[in-house]
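Same chain, two partners: chain A is paired with chain B first, then with chain C.
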Partner chain A sequence: MSFSFVREQMVEPAPAPVNTAGPIAWARRNLFATPSDSLLTILAIVLLVWAIPPIYGFVMPNFLGGDAVPPGGTVEQCRVETAGACWAYISARMTFFIYGFYPAEEYWRPNLVFALGTLLIIPLAIPRVPFKRTNAILFFVVYPVVCFYLLNGGVLGMPSVPTEQWGGLLVTLIISLVGIICSIPIGILLALGRQSKLPIIKTLCIMFIELWRAVPLITVLFMASVMLPLFMPQGTTVDKLLRALVGVTLFSSAYLAEVVRGGLQALPRGQYEAASSLGLSYWKSMWFIILPQALKHVIPGIVNSFIALFKDTSLVSIVGIFDLLNTVQAASSDIDWSSPTQAITGYLFAGMVFWVFCFAMSRYSIWMERRLDTGHKG
Partner chain B sequence: MQMQKALVSIAIAASLGLGATAAQAATLDDVKAKGYIQCGVTGGVPGFSAPDANNNWTGLEVDFCRAVAAAVFDDPEAVRYTPLTSQERFAALSAGEIDILSRTTTWTMSRDTDLGIMFAGTMYYDGQGFMVRKADGIASALDLSGAAICIESGTTTELNAADYFETNGMDYSPVVFTDQDEVVKAFEDGRCDVYTTDSSALAAERSKFGNPDDYAILPEIISKEPLGPSVRQGDEQWFYINRWTYYALLEAEELGVTSANVDEMLGSDNPAIKRLLGVEGDFGAPIGLTADWAYRIIKHVGNYGESFAKHVGPETDIGLERGLNALWTDGGLQYAMPIR
Partner chain C sequence: MSDISSNSAEERAINASQMKVSDTDVAIDVVGMHKWYGDFHVLRDIDLKVMRGERIVVAGPSGSGKSTLIRCMNRLEEHQQGQIIVNGTELTADLKRIDEVRREVGMVFQHFNLFPHLTILQNLTLAPIWVRGIPQAEAEATAMHYLERVKIPEQANKFPGQLSGGQQQRVAIARSLCMQPKIMLFDEPTSALDPEMVKEVLEVMISLAEEGMTMICVTHEMGFARQVANRVIFMDQGQIIEQNEPETFFSNPQHERTKLFLSQILH
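Take a look at the complex of A and B:
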């Protein structure tokens, strides 16, 4: 009989060696792996130490250790040589940045538009929420019409507010939303048209796309606002904002068409043939088979176009439309708040607003991509 | 600038060719039909036309549009404002998008004769000036020899400065930027000794500095920049309404009629005041207005001096002296043709 030792308990797991776990190991692995890594890390730290304190000091108010004047401060506080950002000025002119020249007693109308938009877009963006079709129709078709009548007035006893008085964030959002909503269908149709076997349709689509893509947006806007009125009979004027809307929409739909075409070309021929062999008509095969796959492929490209469009809306300021950036520029000549950092604070504020919207779009697109990922990704 | 000028000229020539502006409707009738005046303004020049704290347009040039609205509608608020860039302004006027262009526009011969517009008057006699640091102890532009001067590139400002220094046999080193804000920043940071632009803008920019009192604007004005409202060519009635609105603003100041005392002045014995306020004679009818057209202007908007003091005068943050814009009786250039 021979004994063999049988251990009845598992050995306690020993902690990993110090140099393979914990913050030190993480730093060694990620920051100081090679001499060049170490050098880059040190350079980056030096850069941060050099850049962050002044920026922090400029942006943060007194009670957080900075020089900025918080909302509620006075212009005298901003007029000191050492003052940081003048947030008091931003909060004092906030209504101008949001509504432009919209009459103050009618602010409830843009507010209602903002609220309705938020109410509709949140359930639309969350996949679990039911009634997607109704929701989409409400948002893409009903909402713009309601918005127009709400903002423009002249119905139901609401006083009329002409578009010259619209401004600020309101106009920025209107231009980008209209641009996005209208350019999706136009862009898809153009992309399909460009793939079409019918020569006239194909030529027209190519001509349209290549024309709009070959012209800078600023030229389009300038033409629309300066030249167009001169070519029209006296007395017939097309609304300035409408002209910009049409220009922005056509411009972005040309870009979107090319993005969608990329998606269409990425689909294997077999998908088209399979759809045909099922006996589906052209539109049905596009709607059920081709477009869902093609669009999914190009979500990053589409969102990229939208982000570019959102930022491009600031170009309308050159034709005298008061979008967010233009209100900030106009307010920076406000003598009541004139101070050394007035203009910089304004631009900082505009930059932050643009960043928030673009970053949100970007994150949503990444999330959507992951959700729709069906394993085709290489 | 040349390119833009050329573009605008081409555009306007094209429109004339198409006959778009050939047959002018009477602007006064159009304006009365729509119930408001469409007034082209700047995108925000403090004191001249800029949004105030309540997001309403305000300023000396805005007051001109309000004055015309008061004369036509007895309501200074019957104005809608179209902010225009300097490139768009003339096309917008020619195309009929606006009825009055009151947008810090310099009255020059080529604009008056070549662009299909007519200037109704000069709301502000501006001119290019110099700003220096008080600490440098410079008292006159003639002391500026050898100075580094901050200038916005591609403007008439740059050319005027070059002319001035050459004429007076002085040297200078230009420090050129493309953007107004950059120029101001460079001057404030001490990258140059002198900042030059139109004197009204100098005053507005100075008020933005941390210590405005450390800076002085030199007395010399080296160019002529008469800023005035303009209207479309080919509609004399509308032109006269604008021109005489301007004269009424001046005449009222000369006669001492203000928005505060205009009602008392109705009982004045001075025949000039009687004619101005429509107590005696009807000077409104020939230009399509009522007899009390000038009374309405003064009642609602005030006289020129009141507007000046309210928007750009010494009491405001802009702090401009009357200078050339004083009445002729005070040694200035503002002179109204007699109403009789």
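Take a look at the complex of A and C:
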């Protein structure tokens, strides 16, 4: 018996067998691999057949085979027993949902704010577009100031519009954007502080984070709107919207700090050591080496926080701020449009608006994650 | 153990004899140094004077404190007793002094520790630009010079993850060199490499030695120690057990622990 062997010809790579591809092979592998798989597949199909037609019928207008009343329809059509969603009501009250009680003759001001925001945020979000630094300064520094004066008025002959009259989607976007943008730096600083070797900074950061995380947002908002004025000197008032903004921002930054801390801890110690050994100072190694990697690792968690924040803005309605959900709720008692599906259509609409924004954030983050992936971890 | 071929070994030996060690210029002076991790006494009574131009190999069993020792030399670890003076600056808790020392002392790690989110070129230019304040164009020119020295200029725009282990370690050496350090510390630079890649890294280290770089290497490459080192230090239980010229160290070890160690690794 001999086991001596010397290869004389190398084996070239060959394509994989063909019977593993194609739709039938796919279905067999993924849908009907085992009897229980087949059963689950059939059950899922039955469920879809049962659920989809009624939903479709409720949401889609007549010309698409549904029962809904399309925009432009009348309230009488909505009052018909078999009518589906009353989209006519949504389109009739659309300005209220977008601007709240903002005076109609001043709508151009929020519109300009929307347009400027879109104009600045799109090039900022696309990595290929140049002038990022200018763009960022315009968006993060100049834009908020411009927005404030545009919306608040009282300058350049624009009549003053107090924040009590702001509302709808406008307010929802203001709260969530300010909350997101301000909570990033605060959250990062808190996370770094929590890892600090300096005991006082560390303790303060831990106390701050644990305090805000342990309190429900509703409580924070109530405290801000009911309790805070009691502690303030007589006569001084802080704007209600501003108080909500501060509350939402600090609340969200505490959550963000914990997400960022996860990213910091996931980095191998060698990265910190390599940065130190090159003589980089603490802030420089954080800025150039540690944070870019740590934040990249936790993009899903960060976006998760942002999505939660975006939806949580609807809680400001309980302190009397007319955000999108609150305007929808208020409009649902509008007698002019009272119909069996009035309220549910409103909530459906609000849900859809929230979904569109959150889904967009989610997709953007996935795309960003892929883009930033340089393939391998340190 | 990877040996550089015997032919070049002879050449190297000649070159090594030309490498000048200063008699008066002290690069690193460690005096009566102790270090504890909590209650554990990791480094005990270390006295070590490294002259400018020396190539020192630190050997010893794992856990003997050799890595900890060189990590103390750029304050990645702090010592609790005694003195460490690097290029005339004593290492204390003073951050300014620490930065001063780190600017002049390069370090190469076992696991390379390249920055994975930056390209090779960015890895090399980051510290020169942001620590030394060198203009970007100049820093890039220097970086390309050192990438050519470690024979991988064509990789400049790739990311570390796209390179082999040996290439990554050569980039790590180049990254340290870009800061134009006076001293280089190597912490087991070849231990994490595939056997086939050890040689390319050792060659870079040898050429550095030939240029008169002051080097302290923690390594198990005894072939490297023989050819390049002018002094071998053997450590055990946090102490320096024996030090000598490589020739004598390998042929005539004195301490029992050294004899045992050498008999284990030189089969």
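The rule is short, and it goes like this: the second predicted complex is superposed on the first by the 350 of 378 C-alpha atoms of A that agree within 3 Å, B and C clash if a C-alpha of one lies under 4 Å from a C-alpha of the other, contacts with A are read in each partner's own complex, and residues count from 1 in each chain.
Keep this in mind: a residue touches a chain if its C-beta (ideal position, glycine included) is under 8 Å from a C-beta of that chain, and two chains touch if they have at least 3 such contacts.
In this text the structure is predicted, and so the values were computed from the model without any measurement.
K.L.:
After the chain A overlay, clash or fit between chain B and chain C?
P.N.:
When both complexes are placed onto chain A, chain B and chain C end up side by side without any clash.
K.L.:
Per the contact definition in the header, classify A:Phe322: touching chain B only (first), chain C only (second), both, or neither.
P.N.:
first
K.L.:
With the two complexes superposed on chain A, say which partner A:Arg79 touches: chain B (first), chain C (second), both, or neither.
P.N.:
The answer is first: A:Arg79 touches chain B but not chain C.
K.L.:
Does chain B (first) or chain C (second) touch A:Met232, or do both, or does neither?
P.N.:
First partner only, chain B.
K.L.:
Taking the superposition as given, does A:Gly263 touch the first partner, chain B, the second, chain C, both, or neither?
P.N.:
neither
K.L.:
After lining up the shared chain so the two structures overlap, which partner does A:Pro340 touch, if you call chain B first and chain C second: first, second, both or neither?
P.N.:
In the superposition, A:Pro340 touches chain B alone.
K.L.:
With the two structures laid over each other on chain A, which partner does A:Pro110 touch: chain B (first), chain C (second), both, or neither?
P.N.:
A:Pro110: touches no partner chain.
K.L.:
Taking the superposition on A as described, I'd like to know which of chain B and chain C A:Pro292 touches: first, second, both or neither.
P.N.:
second
K.L.:
In the superposed model, does chain B or chain C contact more residues of chain A?
P.N.:
Of chain B and chain C, more residues of chain A lie in contact with B.
K.L.:
Give me, in Å and rounded to a whole number, the least C-alpha distance separating chain B from chain C in the superposition.
P.N.:
49
K.L.:
Which positions of chain A sit in both the chain B and the chain C interface?
P.N.:
Correct list for chain A: none, the interfaces share no residue.
K.L.:
Could you list, by residue number, the parts of chain C that touch chain A in their complex?
P.N.:
It comes out as residues 74, 76, 99, 102-103, 105-107, 109, 111, 113-117, 126-127, 130-131, 159-162, 175-176, 179.
K.L.:
Considering only the defined contacts, which chain B positions touch chain A in the complex?
P.N.:
Per the stated touch rule, the residues are 7-8, 11-12, 14-15, 18, 20-21, 23-25, 30, 43-47, 50-57, 80-85, 87-88, 91-92, 94-97, 181, 188, 204, 207-211, 316-318.
K.L.:
With touch defined as at the start, can you tell me which chain A residues reach chain B in the complex?
P.N.:
79-81, 83, 92-93, 95-96, 99-102, 104, 162, 164-165, 222, 225-227, 229-235, 237, 240, 317-320, 322, 326, 329-336, 338-340, 342-343
K.L.:
Along chain A, where are the residues that touch chain C in the complex?
P.N.:
Counting only chain A, the residues touching chain C are 268, 270-271, 273-281, 284, 288-289, 292-293, 296, 372, 374-378.
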